[in-house]
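What follows is a pair of complexes built around chain A, which joins chain B in one and chain C in the other.
Moving on to the complex of A and B:
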């Protein structure tokens, strides 16, 4: 495998957008291609993460239509799906396609449009993650799943729900504070502890402000070989480690506080990169619910298991802290257009490593990591990136 | 890229099956794993082609659930989607993953369950292929799309519709004759010219027997490096060429009689294999409608453009003919569970090259090819396989 770089990135604003997902992806993709000083005809393949285009827009063969839409005529075009991890997976496949020498320049990314559906349908659409035979019929939803995660976390570590809820609220406050500095975030406003605790209960102990929003959006990256990337840009970012792993549904997992797929995926990525958690300067991780950030911080090894909440309380995960988590605002404030999320995390880390993040810049960041969790903790992708210059 | 082989294959019977797609895939996958003299724990990744699991069964993260179902714990598991080409794409990615040395043993395949839906819903589900903004709203369906292909074919080559309809009927008769010799085919009965012409009109000039059925089923293959495959089996089959290409919807294409994505895809596959159409001994190609077989035969270079129908009439595409086409019965008689079709084509070619096809064996076949066409002629995968011993 040869060295693989990211030459350029693009991303739409996230939020409730009045455009279809092909148009959204086109915007992000053209930004990534332009930033790479390329033309569409230079791109040799497209891997496009998307979770539910068939349900949302009645569209399959999404990658072919998306390629055509931006003039990538007749390239290999593949949609990849692993729920929320869909576009992390797309980038991981692009990494192997380029690393192997099969292609030199590949476009990868993701898109999703979820706000066009009525709320009830959105809930049904989101709820395609659990095992459709054993789990969905029980009525389990994602808020319910992560509420169980919170209860299990409190019990395992002997923390009161009240204390855990405070930590969770601090995650929301931190990520909204970061999102307020991100012009592409869905929510760009700071919130208070009182806002969180006075919001409606969704699935105890998760209140409204513990939950990320339903969003539309897209993100894209140009993945290129070392030789090519260094000609295209003076700020290439190297992909130095990838990991992807899976598990079955909730009923197959013993401990939701350390999702087994994430344990495998992150260990693979660290091993490939030859790094440890303490070598990471900034991380974008999967905070679809506030408890999810605490669990991810623990599982990725940034905190001792059970200390993820204390780390938030101590400011260790703030921009400027020991390990800044979700400087973009995370899914919580930036938004979570499912299939776009993994690529949007890479977009943020690439810009952090380039020092282009303005008010939310993590100073001196040289190595960053992404983490995207799909379905019932059942599909996970991790990518480790490093300044290439 | 190192040499890549198929060590084992598995496939369910196709038809109206009373099982979910995870169970169907499990059956095919375990057959492929067992035939490869492996255990699930030996498999390092899963690529699973599937077109509409979200619409059909309300299931995303399908590959993770499918992996877990058969004990592939915590492997990289990815669903790939390119409509009918979904599992050809899965195998092509597996080819690169193994060829690059990233993995040694990968499971790839596909599954789909389409018969559980009422007919109207099945039509809607199938109709997710055309561009959802520019084409689906016009009311275009797949029968309509391929009917246009037939009209364009007749006009371009100066053939009367009556003559073309005879050729198309001969495709149906040939493929049913082959399917009658395939115990896994959905339809195992021979039909006559009279059966075809007395069947109901679906979309002129396509009558019922010009159309493949709605089906359930799954197929899987174990892809392995040369060193590994040769230890596992004394009949490994080598993947010597792959091609995959795309195009936009119908409105972006000038000539439906030579789909541009297939031109690109097949040329790539031939080039990688270092072969020409005349070097292929047997082909499984995308006969979702009878006209589709004639067009595919032309476009893949087995016949001069415009001669695909005459070749059928002369028996050139029969088992025993110059270039046997669809000895399995093809989509027309074997059935077409969308996401499974590409892998099922590979299943047939592998068994043809092994000489294991009994009454439908193409004698002495050493090199075979598959061809899968997805959506509005917009996603195509081709795979060329060769006897490895």
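Moving on to the complex of A and C:
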């Protein structure tokens, strides 16, 4: 394997954008290409993460259309799908392609326009993630899967639901505080404990402010070999570890408070990087719901299992804390256009390592990690990045 | 090689009042719902068996914001069968808004209900359901 770097990154603002996802991706992609001091003709392949463009905008063959929009008619264009992990998968494939020596410069990213559907239809479309024969017909929703995990977590670790819900609310408050410092975040406002507890119940025990929003947006990164990347930028960011693993329906996983796919995926990434959780300076992880952040910190090894909530309470996951989690505002405040999320996490980590994050900068960050969870804890991707200069 | 137990046979079993599963000849573990290889050891060598149809609630949620085609509130739960596998289903016969964590650990019998098809369901659907028996 050759060394693989990220030369440049691009991202749209996230939110309810009233624009098609091809246009959104075109914007993010050209920002990444321009930041890399390249032209479209220099790109040799496109991997585009997307979850449901066929269902929410009636568009298939998405990657080819996206390639054509930005003048990449000469390249292999491939859509990758793993629900919320779709664009992490795209970047991991780009890493393998460049690392193997097959390509030198690959564009990877993702896009989604989840607000195109009204809430009930969007909820049905997302209900396609669990097993379509044995789980989806129960009417299970994404909030519902994480809600069941919250009850399981409280029972397993002997924590009262009231205490767990306070920890969950603290996750929401922290991530909104971070999002308020991110000009690309969907929500740029701080919230209070009262805002969380007075919001409507979505799937017990998750209330509206325990949930990330439905969003539109796109993000893209240029992945290049070491020789190429070091000529394009004086701040190349090296991809030093990747992991990706899979599960089936939720019922096949039994107790999913330590999701098995995430255990496999993160171990692969740590092993490849030769690092341990304590070596990571900043992490963007999958906080689609407040309980999801607590479980992710447990599973990735930043906290002992069952201690993720206490870490939030003690401020360990704040910017400036022991392990800053989701300085971008996370999915919770930055927004969660499903197919774009993994690439947007990489966008944030690259900018953190380059010291470009202004008020939300994690001082001196040299090594960062991303974690993206798709479907019923079924598709998980982890990427570890470090300063390459 | 074809599935020993596929979705259609599993559904037919439920309609006849039997919860079918697979018992692995290699590791003796049970599997339900149907799958190609044993979830424990990866063997294809499994026998179709009738399971007890009883289990214990492990977790639950009350869904208030429902997908199109579903009327809220309703309860979704995960049940551990006496034989070991977990299943997802709806809890029937209780008032959803009164359900709380005390329901974890309660015993249930497993049945099913028909769920109408929609545009993307590839035909008629079934959902498992759970009835409290303790």
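Everything that follows uses one rule, which is that the second predicted complex is superposed on the first by the 389 of 389 C-alpha atoms of A that agree within 3 Å, B and C clash if a C-alpha of one lies under 4 Å from a C-alpha of the other, contacts with A are read in each partner's own complex, and residues count from 1 in each chain.
We adopt the following convention: a residue touches a chain if its C-beta (ideal position, glycine included) is under 8 Å from a C-beta of that chain, and two chains touch if they have at least 3 such contacts.
Just so you know, these numbers come straight off a predicted model, no measurement behind them.
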First, second, both or neither for A:127, with chain B first and chain C second: both
Contacts of A:10 with chain B and chain C, given as first, second, both or neither: neither
Partner chain(s) touched by A:100 [first = chain B, second = chain C, both, neither]: first
Per-residue touch tally on chain A - higher for chain B or for chain C: B
Touching partner for A:68 - first (chain B), second (chain C), both, neither: first
Which superposed partner A:249 touches (first chain B, second chain C, both, neither): both
Touching partner for A:236 - first (chain B), second (chain C), both, neither: neither
Which superposed partner A:55 touches (first chain B, second chain C, both, neither): both
Intersection of chain A interface sets (partners chain B, chain C): 55, 124, 127-128, 131-133, 136, 248-249, 252
Partner chain A, residues of chain B touching it in the complex: 1, 20, 22, 46, 51-52, 54-55, 57-65, 67-69, 72-83, 89, 92-93, 96-97, 99-102, 124-125, 127-129, 131-133, 136, 244-249, 252, 260-261, 264, 374-376, 378-379
Touching residues on chain C, where the partner in the complex is chain A: 7, 33, 35, 39, 58-70, 74, 76-78, 80, 85-90, 99, 101, 104, 115, 118, 120-122, 125-128
Complex contacts: residues of chain A adjacent to chain C: 55, 119-121, 123-124, 126-128, 130-141, 143-144, 147-149, 151-152, 154-155, 161, 200-206, 248-255
